[in-house]
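Each of the two complexes below includes subunit A, the first together with subunit B, the second together with subunit C.
What follows is the complex of A and B.
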């Protein structure tokens, strides 16, 4: 099924899970939404296909035609909607793919985000993981291609990595189906059982941290803390990241309209 | 003691050095940082296109090609050992 999105008024009209619909995501009843993020060529789609068994259909993202894949799977009688995001090295640069991935992680009201890393070049891949961890606290790190790493005689201390990052780490070799059960368990624990994690945050220079502290009260006034980590938002403001500031204002407006609509409904009911 | 730096684009095939300074601005700077090229990163020149542009560098076990124009904006230590 092809969904044509991109009409902004659609999102403004939306009720409930506004941003998901904006992204062409429709959930049926009790379905948990999980995003797959990662650098290009780390095997995101292999993980995706292994989990969903290729029951995917594509949808169009707003803005430009960048295909994304969505699929569902059942695990312990719960339904999960998995969204395969475009491969990106970062969430801060401004290619279409990166903006899509960033907006979706920010506003998609995800129950979990799986960041897929290439076990053979962890150092480079961790950049994205740290960026996602700055935005969301529902992060699972999936270290894929461990079979390749073994071939290259690399050994990874997963326990230490987990301690270092503060989020669940799941080693996988999705090609051979290795680790998928553990990945599903981790997703289940986070999305269904609402298991909390405390992702380690990157410390910035004293100067930047001071500026963030000064901005925080204003940022918190926006009342978006539920959706976005206020510190991250403050950092983007400091970046004068114009495109993101536009996105966030659009989102804030949508949210406010929703609140107003809800208040009106509430008012009518009490009268 | 100040480190003498030279443009990355002057590295010869097989030579390596570490990044001292990035004179790149805007989005390209962001991209270069995201690819793991930050001050201190060791880069090895592993190939040049016939016309000398682009140039391939090994960065954190990954091969990345840069336009020599952009590589000339990255300064590396001239006395790397």
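What follows is the complex of A and C.
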């Protein structure tokens, strides 16, 4: 595959962003890529529309019959490309939609992933947020529909939630534009200012943790830590079917090779 | 894109983990999901304060019963049986009324034909062939459909179907199929062709094929009237009320048998030509809603009843004409129809049917709705009876042609299990894009129908029960 100028300049900066092409994502110049994940019917599209306005275009995910919406917005003179992922309940890839979401969060080299949750049913929605947090540390949790939660007389302790999850939490009511400013702030801080987060991990039962521990050394030997969280990979090796592993393998190894190649190339160019 | 390396280090580790995956009792995938959900529940409880947390809503209470392990299945059966009972008990009277009107009009038509001195063959093809078949299809099919569909749609609208899917998910998983197959199966009650198309909701190609190949084992509305008619006239009892109850029980049992065959075939396919593990799915139980009665009636009457009826009529008219011609063209001493029936008779007798029944099923390939009308026409063309105005008359016709309880029972079984109609086969071909799978979709039910009927017939003959 021939490299474009943009890729090379990115490579020089140490961003390994080549995989984005694979997902049909083309960024122009200095643009930050943000993914928007969430369960179906949580107002994900409302958030998407509220942020991007008319600057969006829709198509399909490459090779799939699943809709893909991308939009851009400017915030404090920085350009952001927002990618609306298909609504899914989990990332355990039982459906094409889950597969797309999982692959993109995993290998899309994202600057941030916003997970939109429904404030009226946090219990069901948190599941997805935790799964995204296992893959990526650049996660912002957007608790949407807080107006509906208020109507249903639910009060949510956001400080406590932020402490428990270890990632930025932004309460919103996207329909009324409430909290969108804060959401953009959080995205800016994470993507542009590279503010670090320490997402808490799901404590698994002893049996699972033991199996993961046994597997971890072997996974780390693969040397893929740069592109994929070893613990997550170990878990998937334990609970997935073989086709899932093949996909991960294809992405992970391709990306690893490319990142290495680009770094070498970058090195030559600077010499 | 790199090609897959069989020596892929990741795949190597994966195959090495096989032992860990299988060592523990519960699959590790389930443990992982359980752990995540346990953690989210804890988290949510800590951060969410419910002001009215004391009272659980009535909806939750209902769900406790509807999807409980103890009451779930009996309640489903009861509702299913109840729907059939209302259909059977309610369809009888309007059926008779419609038949009366339509057959009275047949006499008027005949008079008109005599007035203009039309040739006898024209009267035969148009009135005795086309019109009579149409009249039968309408009289036999319209009332049950007009009752069954609104009831079914009502349950659907209430939010009951997802609960059924929830209850049956475990069974499908045991059959190594996808839980969503329950929904395509329910669709099949309406129309198998629609059921086959709806299998698109299943993501795994393996499970989709299973759902497509087994959809035919639930009786569609084209076959319900056949089942209902035969069950109503052969499940006799002294009391009128208990008779319809018996018939409803019979239909429920048949549907259960169909579902059981669905599981068995799904399982067998998963173990042989479509090997694989079931994938799981997330099923959101929608809140119970007050059904919009007007919309329910509109949807079930216009969308389903009229649509299905129109299709039946379009097929029934030419089939009626064809049957009449076959019954009235003679080769030597025997009519074509009797000749064909004679050829089929040995096979048919072996499975407890007779040649005419088997021929009616074959002629019914374009649409199952016409099986009973075609059968009647065959019998009537060879016999003497010309007037029949109720199901009771129908019974006389059948008994006069040598029907026993075994014939009735096996005809119902055959109707339940036999090959799909042409529309369904066409949908199968469109959905799978494969002649091979369409052929399988035809052969699996056919072989099962013949085998089951054969075993029952032979057992009955051996034991001297029929």
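What we mean here is this: the second predicted complex is superposed on the first by the 235 of 271 C-alpha atoms of A that agree within 3 Å, B and C clash if a C-alpha of one lies under 4 Å from a C-alpha of the other, contacts with A are read in each partner's own complex, and residues count from 1 in each chain.
One rule holds in what follows: a residue touches a chain if its C-beta (ideal position, glycine included) is under 8 Å from a C-beta of that chain, and two chains touch if they have at least 3 such contacts.
Computed from a prediction, not measured in an experiment: that's the story for all the values here.
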{"item": "Superposed partners subunit B and subunit C on subunit A - clash or fit", "value": "clash"}
{"item": "Partner chain(s) touched by A:218 [first = subunit B, second = subunit C, both, neither]", "value": "second"}
{"item": "Touched partner set for A:127, first subunit B, second subunit C, both or neither", "value": "both"}
{"item": "Residue contacts with subunit A in the superposition, subunit B compared against subunit C", "value": "C"}
{"item": "First, second, both or neither for A:250, with subunit B first and subunit C second", "value": "second"}
{"item": "Partner chain in contact with A:155 - subunit B first, subunit C second, else both or neither", "value": "second"}
{"item": "Contacts of A:195 with subunit B and subunit C, given as first, second, both or neither", "value": "neither"}
{"item": "Subunit B/subunit C common contact set on subunit A", "value": "89-90, 92, 94, 123-124, 127"}
{"item": "Subunit A residues touching subunit C - in the complex, by the definition given at the top", "value": "89-90, 92, 94-96, 122-124, 126-127, 130-131, 153-158, 160-161, 164-165, 202-205, 207-208, 211, 214-215, 218-219, 222, 235, 237-242, 245-246, 248-250, 252-254, 257"}
{"item": "Of subunit A, residues touching subunit B in the complex", "value": "89-90, 92-94, 120-121, 123-124, 127"}
{"item": "In the complex, subunit B residues that touch subunit A", "value": "27, 30-31, 34-36, 59-62"}
{"item": "Residue ranges of subunit C in contact with subunit A within the complex", "value": "1-2, 4, 8-11, 13-14, 16-17, 20-21, 24, 27-29, 31-37, 39-41, 43-52, 203, 277, 279-282, 284"}
